[in-house]
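One structure is given below, represented as structure tokens, and several questions about it will come after.
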Amino acid sequence: TAGMVGADLANLANEAALLAARRNLQQVTMQCFEDALDRIMIGAQRPLVLSPEERKITAYHESGHAIVAMMTPGGDAVHKVTIVPRGQTLGVTQFMPTEDRHNYSKNYLLARIAYGLGGRVAEQVALGEVTTGAENDFQNVTGIAREMVTRWGMSNSVGPVFYGADREVFLGREMSLGQQREYSEQTASMIDQEVKDIIQERYQFVEGILSNNRPFLDKMAETLLERETIDANDIAAMMRELHLEKPVATASR
Amino acid sequence: TAGMVGADLANLANEAALLAARRNLQQVTMQCFEDALDRIMIGAQRPLVLSPEERKITAYHESGHAIVAMMTPGGDAVHKVTIVPRGQTLGVTQFMPTEDRHNYSKNYLLARIAYGLGGRVAEQVALGEVTTGAENDFQNVTGIAREMVTRWGMSNSVGPVFYGADREVFLGREMSLGQQREYSEQTASMIDQEVKDIIQERYQFVEGILSNNRPFLDKMAETLLERETIDANDIAAMMRELHLEKPVATASR
Amino acid sequence: TAGMVGADLANLANEAALLAARRNLQQVTMQCFEDALDRIMIGAQRPLVLSPEERKITAYHESGHAIVAMMTPGGDAVHKVTIVPRGQTLGVTQFMPTEDRHNYSKNYLLARIAYGLGGRVAEQVALGEVTTGAENDFQNVTGIAREMVTRWGMSNSVGPVFYGADREVFLGREMSLGQQREYSEQTASMIDQEVKDIIQERYQFVEGILSNNRPFLDKMAETLLERETIDANDIAAMMRELHLEKPVATASR
Amino acid sequence: TAGMVGADLANLANEAALLAARRNLQQVTMQCFEDALDRIMIGAQRPLVLSPEERKITAYHESGHAIVAMMTPGGDAVHKVTIVPRGQTLGVTQFMPTEDRHNYSKNYLLARIAYGLGGRVAEQVALGEVTTGAENDFQNVTGIAREMVTRWGMSNSVGPVFYGADREVFLGREMSLGQQREYSEQTASMIDQEVKDIIQERYQFVEGILSNNRPFLDKMAETLLERETIDANDIAAMMRELHLEKPVATASR
Amino acid sequence: TAGMVGADLANLANEAALLAARRNLQQVTMQCFEDALDRIMIGAQRPLVLSPEERKITAYHESGHAIVAMMTPGGDAVHKVTIVPRGQTLGVTQFMPTEDRHNYSKNYLLARIAYGLGGRVAEQVALGEVTTGAENDFQNVTGIAREMVTRWGMSNSVGPVFYGADREVFLGREMSLGQQREYSEQTASMIDQEVKDIIQERYQFVEGILSNNRPFLDKMAETLLERETIDANDIAAMMRELHLEKPVATASR
Amino acid sequence: TAGMVGADLANLANEAALLAARRNLQQVTMQCFEDALDRIMIGAQRPLVLSPEERKITAYHESGHAIVAMMTPGGDAVHKVTIVPRGQTLGVTQFMPTEDRHNYSKNYLLARIAYGLGGRVAEQVALGEVTTGAENDFQNVTGIAREMVTRWGMSNSVGPVFYGADREVFLGREMSLGQQREYSEQTASMIDQEVKDIIQERYQFVEGILSNNRPFLDKMAETLLERETIDANDIAAMMRELHLEKPVATASR
């Protein structure tokens, strides 16, 4: 959920103004914007009580997303990490895109896959136990990798060939009404292999980052368990304390 | 049918209050809650008469579920076992989730598959005869194993790739209206193999438990044939008598 | 068409009462029940004239069903055999389930497959000529074998995995509206092989029974050609005369 | 188009009566029945003029059907052969079923496949040139062979397994609305091979008949070119002249 | 677009009469018929200007169709060749069927495939450059070859088996609404191979004809570029001049 | 988006006239036509601000299209190149077809594939980083290559066989409503291989052109970053300065 387009920003401003009005404020404060952003991107808070075990898993899961994002060159910056449950999610890591992008580079996409996988890998590395909480992460990550291979020519073995499908809208829903896949089983198998290779290379990359940054991971998880929400400044402070720096992006593979 | 969410609990309280009202009670007794839980989860009693042979098979089948649940670390606790037929079922083993979970660990899911298979294995181990009564168990168990492999990244050979499908709602029914499976036959075959491997590993695990706990199995089945319904206290008493203890969960494979 | 559930019995009683009323009887006689059962399960009589050759084939076909049922342990008892054509069928073998079953054992299902195949095998063994008359038998037998393999975990090589499909109802008809088969071609092939193996094992079993009981087969066919309809008592008398006994069921394979 | 059921006979009688009325006849003559049968089974005559070459091909094509039927044991008797074009067809060979059948033997079905192929084989054997005129013959013959294999258990390698599909009616048309084929590609391939084997065995059988009966074939074709229509008596006369006899059916393979 | 049935001829006569009326002629002249035929088969003229290069390609393309038709035994006679663009087409080669056929011989179909391919082969042989202009030719030629293999039993390796599909009409359009292909992938592959073999054999045959008749090809193309339209007499004159004769048909392969 | 048909030209003239009217001009100037062409082919301008990095990537991407078009014989001429974002696109390279074509030669199609790939290759060659901006290019290029193989007989290994599908219109949308692909998996695989081979051969061809013309590429990108839009005259001036010439087309492979 990184990146906002113009319409999103207008919506955000409007929502922030509404909040200021409801709170009888003279002006729209920065806090209004923060809360409006939360409402738009996550939904309203709900009074959900997690067990201590689930809070701990969630703290490590979100820390995993955030730390991989911090330690991977070329991705978005982390804006806020929270384990206050809202809507359907037990925790959230928010990103702040560094600039208003229209196209995405392969490097950037690989970075997004990496921090998408960070939650699950953190559970595994730190707790030795994996949960169903990574389902949405896997769906997003697989979607990006599949489009890299089938639409964006970013796989060497598949090459600059387009294997996407036009989606039809039927009775107001986007669906493919009996549309036959145009390519062969052999091609489908090659695409699957590439998608899997991309994700597995990233998974190992992320395992390396989180294994090598175990103290950072433990510290962030502990801090989240204490304070529930941390922001970019808190993370920067932790990194200074641990003598860590965000690596710089280089040209793509 | 283990686990209840908030809405279920509200429904349960309401149903219990209705029962108390119908019975002209001053307060909602624990018995009202028990009966309400039964009504919600199984349906109303029906005057169905089983043959002695079917009663015996059912007693062993339900005992199989219950004993595997007791002897498998990481699963839900058994709440009640009954061979009083209600609704569509000849017997029921009810579980009491140990805590209010939102995500599920791989260990927990493997435990659920295990006691899902316990009914059929008990028929086979104790009676040397298998029946069609395990159809729903197989459907549930296969569904869990398939989601472990295709949505939750819990199979090493398939990896953290998402192979699920979005379901469409058409004319008020969830269905996939001509939606093409996105992945290849080769991937489908790999997924099938993993699902089968998970279930067969669990089946052998369950055969081990029930073969090694034959006296427990016979005792529970006999008790059920005598008393029709037993609860957690009855099972705890049997286990003390047989010097058995519920094993403690360790980290997942 | 073996086995009746409660609703069927209510329907039967009602139909018998109607017949008694139409015949101005003071009470519902056993004959009314017999005729009502015939009407429900076969349809009204029609004045159809078979050629001598077709009568002979039909007599052997029905005798095949009946004799295999008598000589296979664990199946239903034969109630009546007739070659009076009714509705769409040239002849019928009626079964009387030994008890009110809710689940079915593997042994029982194998017995039903066996006597389902008995009609065709009798044509082949006794007349050396096979006909299209076994189409419905093959459809029923294949349906049972397929459910044994895909829903009831009764095939060792396929195992306790559920490969059934939920059927949708669309415009009042049960159909699978574009629903994609969830499993792979490789699994489909394995299922087909198992279904075929079960049926072919049963076919050879039935060939053995009918070859070894040729005098019984000839006698029953001749009797049917003479008297058109025989019942359980007639069959028992034939068996006594031929010094034959129904074998006793043992535990399943 | 061999064989008529009861409803067909009623229809025939009705049509014959109508013809008699239109012709102001006192009674329904045999000729009325003949003409009514033609109208029902072929359609009304049309003033179509064939080229001499097409007349010759048609004469050989129809003679092929008729001679194979005469020389194959177990099939229907030939009633009439004509090269007067009617409806969509350039010529017709009518059969007279020997008795009112309800089920069909494998021998009978193999005979029908044989004389269905007789038209094309006659073109090839006698004229060395094949035409599109056999399309309907191939469709009928393939349909019979496919049902022998998939519904009637008449193929040894496929066995007594049912591979047919229930057809749905949707918007008043019988169709399979997205219904998934239940069996595997491997089974489909085995079925195709069997269907092809049956038809090719029959094709060679028919080549043998027509090669060995070349004088009969030439004589019937010449007679048709002269007289346009011949009946069972004419054919019997030709056979007597050529010292030929219809072979007697023996037990099936 | 060779061949006309009775209804077409009636339509032609009608259209010719209309043209005569519009032109205030006393009788329907041969020119009226010619122009009516053009209107029916090609559409009204449109003021389309081709570049010199496209005119040259079109001249060779149409000459290719015409010369292959002239030099292939068993096909239709050429009636007229034109490079005056009309409707959707840049040029047209019209054929005059030698007789009113109802069925088609394999020889005739092979001839039609040959001259269908003649346009593309002429581009390649004479200009060394191929264009998209042959799309409709390929569609027609492939359709004929596929029906030869799947409906008309004209391929030895596929044999006299029918692999066609009945088409359904849904909402007024002919389509196959989810209808499952009845045969296997292996059969589909065999059919494809046969279709391809037929077309490629014909392609080489046509390459031989046009390479061996290069002077004829150049002469006809040049004449078309000069006079835009030529008829059967013009072609006959060219052939006399070049000492060429149309070969006579022999029996099919 | 190269090439305009008659209707497009009429539309263009109309649009230019409207622009002239809105600007109170006495006559339709060439500038009106230019702007009208832009409106029709790209859409209205939008005030979109690109980051310096995206402007640079876009400049190289568009230069890649333009330079490959200039250096590939047989394609269209470049009319204008711009990095002013409009509608959905960040930049545009407009082509001016050299003549009004109705059919397309294989050479021309290969040239279009080449300059379609030029954008992505320029990103890779000059910046060492690839982006999602080539998605539409890949879709167009793959569409052309697929039609070359399946409809236009321009692949040697697939040959002059038509593998296209008729598209149906349903509820006002073109779609294939459950239409079964007529050819086999093996053919589909062969088609995919050919499509991929064509595109990969072109990709290497384009890599050669852009590697060998690096100074031209850098110069055009720099000029675009300075002036945002350049036309055919600007490009011709650059080529003269760099002593480059457009190569002449030769016969197709």
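Before moving on, here are some points about what is shown:
So that you can tell them apart, the chains are marked A, B, C, D, E and F in the order they are listed, and the count of residues begins at 1 in each.
Just so it is clear, a contact is a pair of C-beta atoms (placed from the backbone, for glycine too) under 8 Å apart; a residue touches a chain by one contact, two chains touch by 3 or more.
Computed from a prediction, not measured in an experiment: that's the story for all the values here.
Note on connectivity: the fewest chain-to-chain touch steps from chain A to chain D number 3. Under the touch definition stated at the top, chain B and chain F share these contacting partners: A. If each chain is reduced to the centroid of its CA atoms, chain D and chain E end up 35 Å from each other. Computed from the mean C-alpha positions, the centre of chain C lies at a distance of 69 Å from the centre of chain F.
Chain B and chain D have centres, each the mean of its CA atoms, that are 60 Å apart. Chain contacts: chain A has residues 170, 177-180, 185 touching two or more partner chains.
Traversing the ring of chains that begins at chain B and proceeds first to chain C, the chains occur in the order B, C, D, E, F, A.
Across the complex, chain C meets chain B through its residues 99-107, 109, 147, 151-154, 159-164, 168-170, 177-180, 182-187, 251-252. Note for the complex: chain D touches chain E at residues 48-51, 53-54, 57, 90, 117, 120, 128-135, 138-139, 141-143, 145-146, 165, 170-171, 173, 175-181, 185, 188-189, 191-192, 195-196, 199-200, 203.
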